[in-house]
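The same chain A turns up in both complexes below, where it pairs with chain B and then with chain C.
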Partner chain A sequence: MDVPREVIMALVLISMIIPALNPLGLPLMVGDMSRAWYRTVDELPEGSVILFDIAFGSGGYPSLGPGTIAAFHQMFEKGHKIIMMATDLEGSMMYPLIMDSVKPEQNYGAVYGEDWVFFGYIAGGQTAMAGILGDIRALVSTDYQGNDIDSLAVMDGVNGADDFDLVASITTSGDIAEGWVYQGYSQYNRPVIGGCLSMMTTSIKPYYDTGQLLGLMDGIKGAADLEFLTKHPGDAIVSSDILSFSQTLVLIFIAVGNIAYWIQKGGNS
Partner chain B sequence: MVDFRRDIPLAITFIIGVIAVLDYYTTIPIFINTFTVIKNWGVVLQAFALGLGAVNLLRVHGRRISERRDDWYFSAVLLAMMFIFIIVGLITGQYESGATYNWLYNAIYLPLGSTMYSSLAFYMAYGAYKVLRARTFEAALLFTTAVLVIIGNTPIFPAMFPGFFHIREWIFGPIVGGAYRGIRIGVGIGAVVLGIRTLIGLETGYLGRR
Partner chain C sequence: MVSTDPQIWIAAFLTLAATSYAFRDNKVFKFAENIFIGVAAGHLVVMGVKNIRDYGWAHLAQGEIIYAVVFLLGILLYTRYHKEYYWLYRYPIAFLVGNGIGISIRAAIHSDFTVQIAQTASPLIASDAMGTINNIILFIGVVTALSHFIFTYEGMHQGVLGYAPKVGRWMILLALGASFGNTVMTRFGMYQGRVVFLLREWLQII
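Showing the complex of A and B:
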């Protein structure tokens, strides 16, 4: 017995559409890694300076976009100053999408240039990270809008790694996630938190276990946790219903496949 | 005899490599300042590489179109979109991307990119159904681990039975974490050896020759 591929895919699609149209608000257990991310940001004194790397593009947006939005809600709410950059080429296109959802001016009275700045895409991966942490002004002279960074109040006294109270990144790339550990933690001894896709958790979590990452937001589950903790429910909490439905269906498929295999094997023998 | 095409890149690599090492392990200002300049050059060079990539894309797909190879029309769409994005970007935005550019991105590229990634869910579901079968002892181990991780990752199960979350954490911790650290330590030692070989000129693969 073999269920056709089309049937399985159609059932998966249905299992996604039902909770998407009709969110059920299924229970959620907040994981330790997301709780640690939240606590790390929460315990920073008001006005702390955070370096934030938006390192994902359109492919990662459904998984990482909601978590990034929740993260910024928490940071702006706490009155932190955020220096944003992108080590992913598409990060510059994610920035307006995310800011349209966070609305820092309306929601928190934050002002661009005073409370946050965006440098745009900086090529080079780890070289860019090392450059920003080493000497910002040697690498960046203007922000994404073309303003001289020395004219922005948020940049007053911010020159390099020692001036960042926290380094945060959310990325679809293992190299970028590990790069911030190597440059932010190992080279410059800064506290680092990271966000990644669920499928990357196995390779990034060891850095969390050793304390090199103080918090880890893993994929849509981590994003839903953060939305819950920051009390800003959004797409991730809805998506966790979808995840519950579709993954339960996958478990049923696995069970059906195995039962069919053993029945067939029993019949043959 | 001096081979300039080989020796000059090797000398540059050696000098920059030594400065990088001294920057990392010492606090001598001259090395830190010099390496800051080198890092900035690296960023600029990698930005140029993006332009080079665009030119290469134009060459490869231009040839496919001119020779009318299989599926050449996909190449035509790719180049057309590349030029549309470049032209709109240049016209509507000097520093920040303009509304038209954002609309193009949000209406075309964002849904396509998200769809490409999301479609994986369907193939993974089918793959799990086809492959995860407890045929042998080893397959049964893989099957059990996979099922426990899926259950631990499905939000509703740990919320109802927290034990599943802790089982997943245990699999990710001592088992996966231990194995991954072993791999990373191996990779790290390999990288140190490769770095030393590159610094002293024994590794020349990056020059495009053996």
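Showing the complex of A and C:
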């Protein structure tokens, strides 16, 4: 017995629209991994320098964008200096979207060049990471807007890994998530936190369990946790209701599919 | 009230066009697919040129002659399209592979083997009951899953010892199940992001 995929798709769509129109307000249980991310950033002294890799594109934005926004809210609120880069080709397209939501100048009085800088996309994956952590000025001479990095106050005294108090990345790529653990933690012994898609969690979590990642933001669930912890509710908390509702439907599909299979099998035998 | 912003309308149309594939392959989907490929390719070219300019040419222009070697290696990559000199492209490839392995291998061994093995070999008894249970599951999971891949000793898969690989296979299946569940959640997360966009930004009903 085959159910037409149009029917399943329509049901999934309806299951997303209903909670979007009428939020259910289902309780949010904050996970340990997100709590660890929040605590790691929170415990840094004011003015700490954070290297942040926006390593996702438009496909990953619905899952990782809200978490990145919440993460920046916390970092700017704490008065940290943020050195941003992108190891994903589309990362430089995500940067303005994220900043339009965070509004660091408006909300925190932060100034570009003094409190944060964006280098843009740097090709090479781990080679780029090793370059940034090894000697920034040997690799980068200008920021994304073409300003000489030596003219930016935020770059004063920031030359390499030893000058970063924390390395953070949010990515849709397993190679990038692992790369920051390899280069940030193993090679340069820096504290590292990471964010990834939920589908990557099973392969990235061992780095969190072994203390190589001090915090892990697990897709949209982790983003909702972080929005809750930072008291900046956004798209992820809205999404939690929708996901809880629509995934209950998936569970029903699985149950119905299995029951139908066994009934059919019983009938055939 | 529906948005009057043309950008929102374009994004909404492309979202609907892209998701229309879920119902059936159609011309509107193909149109959206081709636009996406075109935009992505254009962006790739721009970013590629920007990278060459910022991380290569900028250094060469400042008198760092060593960067001429980088440009030479880059140009050699294109010799693969030449019938006679195609073999030259192997040199930059060798450089890329060697460089990549050299940068990652030490850290990979540390992160993926040394630290993981040390953690797995840590005491089973943790400070709380849940931690102890987790440690025991982890220990059993690792040992039995590894035993599943011992093919050189036949006895490993027979008799009493044979239970270990069987348990290991269940452990692997459980891990795959968790991974698949997370994949479904991620895909739903991506799709609901566009549904929220349509309802909030385009139709403005939430």
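Definition applied: the second predicted complex is superposed on the first by the 267 of 269 C-alpha atoms of A that agree within 3 Å, B and C clash if a C-alpha of one lies under 4 Å from a C-alpha of the other, contacts with A are read in each partner's own complex, and residues count from 1 in each chain.
Please note the rule applied: a residue touches a chain if its C-beta (ideal position, glycine included) is under 8 Å from a C-beta of that chain, and two chains touch if they have at least 3 such contacts.
It should be emphasised that the depicted structure is a prediction, and the values quoted were computed from it without experimental measurement.
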item	value
Partner chain(s) touched by A:235 [first = chain B, second = chain C, both, neither]	second
Touching partner for A:61 - first (chain B), second (chain C), both, neither	both
Partner chain in contact with A:48 - chain B first, chain C second, else both or neither	neither
Which superposed partner A:182 touches (first chain B, second chain C, both, neither)	second
Contacts of A:159 with chain B and chain C, given as first, second, both or neither	neither
First, second, both or neither for A:212, with chain B first and chain C second	second
Contacts of A:40 with chain B and chain C, given as first, second, both or neither	neither
Which superposed partner A:20 touches (first chain B, second chain C, both, neither)	second
Touched partner set for A:101, first chain B, second chain C, both or neither	neither
Doubly contacted residues of chain A, that is, touched by chain B and again by chain C	5, 9, 12-13, 16, 59-63, 89-90, 92-93, 120, 122-123, 125, 127, 130, 139, 142, 187, 198, 201-203, 206, 209, 221, 243, 246-247, 250
Chain C-touching residues of chain A, taken from the complex the two chains share	5-6, 9, 12-13, 16-17, 20-21, 59-63, 65, 89-90, 92-93, 120-123, 125-127, 130, 139-142, 178-179, 181-183, 185-187, 197-203, 206-207, 209-212, 219-221, 235, 238-239, 242-243, 246-247, 250
Contact footprint of chain A on chain B as seen in their complex	24, 32, 35-37, 39-40, 42-44, 46-47, 49-50, 94-97, 102, 105-106, 109-114, 116-118, 121-122, 124-126, 128-130, 132-135, 143, 146-147, 150-151, 153-160, 162, 165, 169, 172-173, 176-177, 180-181, 184
Residues of chain C that touch chain A when the two form their complex	22-24, 43-44, 47-48, 50-51, 54-55, 58-59, 62, 99-100, 103-104, 106-108, 110-111, 115-116, 118-119, 175, 178-179, 182-196, 199, 205-206
Contact footprint of chain B on chain A as seen in their complex	3, 5, 8-9, 12-13, 16, 26-29, 31-32, 57-63, 89-90, 92-93, 96-97, 120, 122-125, 127-128, 130-131, 134-135, 138-139, 142, 144-146, 187, 198, 201-203, 205-206, 209, 221, 224, 240-241, 243-244, 246-251, 253-254, 256-258, 261
